[in-house]
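The letters A, B and C name the chains in turn, as written, and every chain counts its residues from 1.
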Amino acid sequence: MSDTERASAPDHASGGQARVRPAPSQWGPYLEAALGFRNHWYPALYGAELEEADVSGGLGEPVSNVRSVVMLGERLLLRRIEGRVYSVHDQCLHKGVPFSKKPECYTKGTLSCWYHGFTYDFRTGRLKNIITDPGSPLIGRLALKTYPVEERKGLVFVYIGDGEPTPLADDVPAGFLDDALTVVPDGWSKEVACNWRLGAENGFDPAHAYMHRNSPLVRGFRVPTVLGDTGLGKGHGMEIINPDRKLPGPCGVRLLRGHGQPIWEVEVDAGVRLAARYLPDAPGVMQGMVPEVGIWMPGALRVDPFPAPHIVHFEWYVPVSERTHRYFITWGSMCEDAAAKEAFLDEVKYLWREFVPRYFNNEDMFAREAMDEFYSAENGWSREHLFGPDVVVTAWRRLCSRTHRGIQKRAPRPG
Amino acid sequence: MSDTERASAPDHASGGQARVRPAPSQWGPYLEAALGFRNHWYPALYGAELEEADVSGGLGEPVSNVRSVVMLGERLLLRRIEGRVYSVHDQCLHKGVPFSKKPECYTKGTLSCWYHGFTYDFRTGRLKNIITDPGSPLIGRLALKTYPVEERKGLVFVYIGDGEPTPLADDVPAGFLDDALTVVPDGWSKEVACNWRLGAENGFDPAHAYMHRNSPLVRGFRVPTVLGDTGLGKGHGMEIINPDRKLPGPCGVRLLRGHGQPIWEVEVDAGVRLAARYLPDAPGVMQGMVPEVGIWMPGALRVDPFPAPHIVHFEWYVPVSERTHRYFITWGSMCEDAAAKEAFLDEVKYLWREFVPRYFNNEDMFAREAMDEFYSAENGWSREHLFGPDVVVTAWRRLCSRTHRGIQKRAPRPG
Amino acid sequence: MSDTERASAPDHASGGQARVRPAPSQWGPYLEAALGFRNHWYPALYGAELEEADVSGGLGEPVSNVRSVVMLGERLLLRRIEGRVYSVHDQCLHKGVPFSKKPECYTKGTLSCWYHGFTYDFRTGRLKNIITDPGSPLIGRLALKTYPVEERKGLVFVYIGDGEPTPLADDVPAGFLDDALTVVPDGWSKEVACNWRLGAENGFDPAHAYMHRNSPLVRGFRVPTVLGDTGLGKGHGMEIINPDRKLPGPCGVRLLRGHGQPIWEVEVDAGVRLAARYLPDAPGVMQGMVPEVGIWMPGALRVDPFPAPHIVHFEWYVPVSERTHRYFITWGSMCEDAAAKEAFLDEVKYLWREFVPRYFNNEDMFAREAMDEFYSAENGWSREHLFGPDVVVTAWRRLCSRTHRGIQKRAPRPG
């Protein structure tokens, strides 16, 4: 079996005998991963959201340039020191208060707890001093958990895991780190009230095009949008990349452009027909918008092109709690020169960054939140009824189950 | 033992040795029925709240004429098609989203899921089509749970249960379906923050007249209202109808008019006397307002007459969740001709429908919500101390325990 | 071992081998006491908050002069009758409704339930009458739980426990009941969103002076405030009073004035120094403000002097629920004559009663609430890392564990 396998659609085939019920035993680890997978890289925020560190006044007034985020159930504090971002667990070792309630930093490289003055090295996490007990034998003997950080393409990635981090390049969509790809310095993000897996499955789902058929993006830009896409996963159309993580680089599931059978018109009921709003051969419609979509461990989407023929769209679904995730969207483009790059950055800044989430992905967020009660509280994982196009979703579930590096436990407790 | 037994007040007798603590073992099924009894009919809404079905525009804009309700923990969707009301489970079989989040219907008789276009026959629940995969083998093989519906006397009743429904006439108060009884087409309803059993027990409780002694209804209409009513259940005054469900027709407990010992005046403490606000023989008071009260499986009250001598008052306590119920109140009258009927409908519409819930039953809702913490969270069912008049409440608990057709389980999962 | 022991700092010594992790096994009962300790006296409210009883109108209009409080998870009702305060459980024995939802009292000495007229003697709790069933055999046979009450120094103390109450003097800070101490008739109180133990530990913590270094009180009155205080608990500086409750009188831990090693200036990091805002020998600073601090079972603090040299400051941390406590602050002074007394009462009324909680103890409430998630939901009691000054906190935990009279159970059920 090669590392790039062609999926053979073992369940939910559109022809022959359909399996009505899912086969959860095939993706057991995925079902356990309500808080995501441990020992992977996730975006925490955009680099533009974190300015260079400032320093408290002499008596410890709060500083503003630290950021607190919750990822996979853990609270992290981030700070940019001499240009580079560092991260520690946002909880004092003494009595567990979050530093972020009132962050104090007497120097660029230290973090002092507002309660008793426990002072840590922000880069190493080491307890350097205790203002209220400078001779304490604890000094030098305790350390906060630190998180590896890499800032790439405008995103600050954090490794939520133990020990030496794996390469970041193994945890982002193929092509994302390419030097030739210009990515905007500050994309969009929002917390969504549903489990991260519903975010990922919604984003990658080829049939959910149906729910976007009336979106402002489709109408405003006259984008030919299929009602659905069938026939994927039947020996063609779907590619599993690095399915057992035997090679370096990312693991993903990719839908090959144009291999499905697009549905442009349907007879919904006897005599009642429904057609896509804009057909691809209609006059005046946007051309070149048949995207290739891929999903990548540990939960990132790449859509090429979208929302315009020269733009690549990226999404991340980062677990926050079991019933919330942070949704990141950012955009890249292959720009030939500085002028093209400037034009692309302007275009995203003044058009897409607001338009796309508000008038297109808002529909996805609506759908995800509508699923959450069923999956998170009503045992939906064993009650769902999958259909043909879901073969790409189950391929993703199996990929996760084979290639993850650990299950994040509920209520993790660093230290 | 005849099917109409005279209660012999086995506990809580007003004379002799009182039993201070309840005997929960005598009404075990009732204690289990936090979500109500399965395989019974309950009102879902008023027929006037559901107009004839409309149809989505060609691209599936939402329709307005469906209604979503939660009953006994289940989510139902209702729609009126060619005049008749139908109901299906409000949850798509595919990924569990509620249809009601954005209801789409391309025809009067179908329901399409807004997410992937799963399209069901609203009358049979059968999956008729999938817009995003029209050749899916699932079509014709899956079906939503449907709920039997009967619309009578202005109320839309739904059978929450399995298999063939029992007759509606067995689940409404005696007399409610009489042809000669005019019932208003649209009564009143509201969700109340307490378990349904506390609603039922409050409504039927003969001693809670005390709490209404100052209500606007008593004052505004000068209604002689007793402080309490004792002596019931001692071989007379209380009748158990169809106690073992051996006969067709409803099962209930009825208090016979005038058999209790009304309390008009009491010495509360030495030298401190309390009298009812209006005594029955006082000048100018309303006459003919000694009501007969009965409670009927699976949770409906009939008070005849109330709030006026020619009106019969009906209430239902429909379980929603374990700590909420929907409270319905509607009114009927025996009208001799069209003019009397019109006058009655006007009277309810312009006077009683607003006045009674706001100025009388508001006190009952206050009392029910005040009990809920004790019974739902503090094990009140085994800590309560019942007294004489509660013999009618325990008769009801025993009747439920003997005649119910099933216990609704927590978090029921149709399909 | 004498009844006044000198602590020998068995753990967390500032020199030698530090114990990084706590030793929870040494204070097991304290860890169980999320709802506080049973069979102790706690303040319920200020006497000034409870005027002499009034009486319902003839038909039972609600009365205003009763007060409802929740303490240690129990609901209490309080009423002042002929000058003296009484307390009963705020829950009718019949169906568990709180009397306080609509308190009715036909006489000064009785309490009637608004629902069915169960009428109790407020002093004894005995069921005296039932308005809706005056001949009920329950009358005289049931009783509400009553709570012993003592009103001293402006506070209404209630004994939450069983059987004969212990002396109040054993459950207040030493000196609080002294005849020569004038205490204001109405202090301050507020509910705080954290467990009561975090309140007590925050109040007694000698190192948390650090967090007050910028408070308006320090600045406005130029109070020399240390950054921290070390060296306590090493054979001097800390006194355990009545450590095994072998003697009458209160049990407490007291920090002796001036025995610690105050920290006025610290080198936080290389070359970065932090000094207290006002040093004790600076010109114009307030003198005489080195306080002696003690904490007393079952959770009261005495700080002498504070907030001014002639004032003694008292705090109580009364458990409400597992994650809330009521925080009381009141003030006393040794006044030589009536003029001094009047001046002191005015000073507190027009200055300290508003200023101290708003501009100083607000910081403590902030800190307590910031700890609650860690200790109440994340197993903080076994994850905290204590340091030198916490020897006084662990002395308190051990004292509680040795001298308490019972653990309050979750969801206690009087009767």
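One rule holds for everything that comes next: a residue touches a chain if its C-beta (ideal position, glycine included) is under 8 Å from a C-beta of that chain, and two chains touch if they have at least 3 such contacts.
Here the structure is a predicted model, which means the values were calculated and not measured.
J.: If you fit subunit B onto subunit C using the CA atoms, what's the rotation angle, as a multiple of 5 degrees?
T.: Result for this pair is 120 degrees.
J.: If more than half of the interface residue numbers appear on both sides, call it same; otherwise different. Which is it for subunit A and subunit B?
T.: Counting which numbers both chains contribute, under half are shared, so the two copies meet through different residues.
J.: What whole-number Å value describes the gap between the mean CA coordinates of subunit A and subunit B?
T.: So the centre of subunit A lies 48 Å away from the centre of subunit B.
J.: List, in ascending order, every residue of subunit A touching at least 2 other chains.
T.: In subunit A, no residue touches at least two other chains, as defined above.
J.: Using the touch rule from the top, collect the residues of subunit B that touch subunit A in their complex.
T.: Within the complex, subunit B touches subunit A at residues 58-61, 91, 93-98, 101-102, 106-107, 109-110, 112, 114-119, 128-138, 141-142, 411, 413, 415.
J.: Note which residues of subunit B are touching subunit C in the complex, please.
T.: 14-18, 20, 205, 207-211, 213-214, 227-230, 263, 266-269, 272, 274-275, 277, 366-367, 370-371, 373-375, 378-380, 383-389
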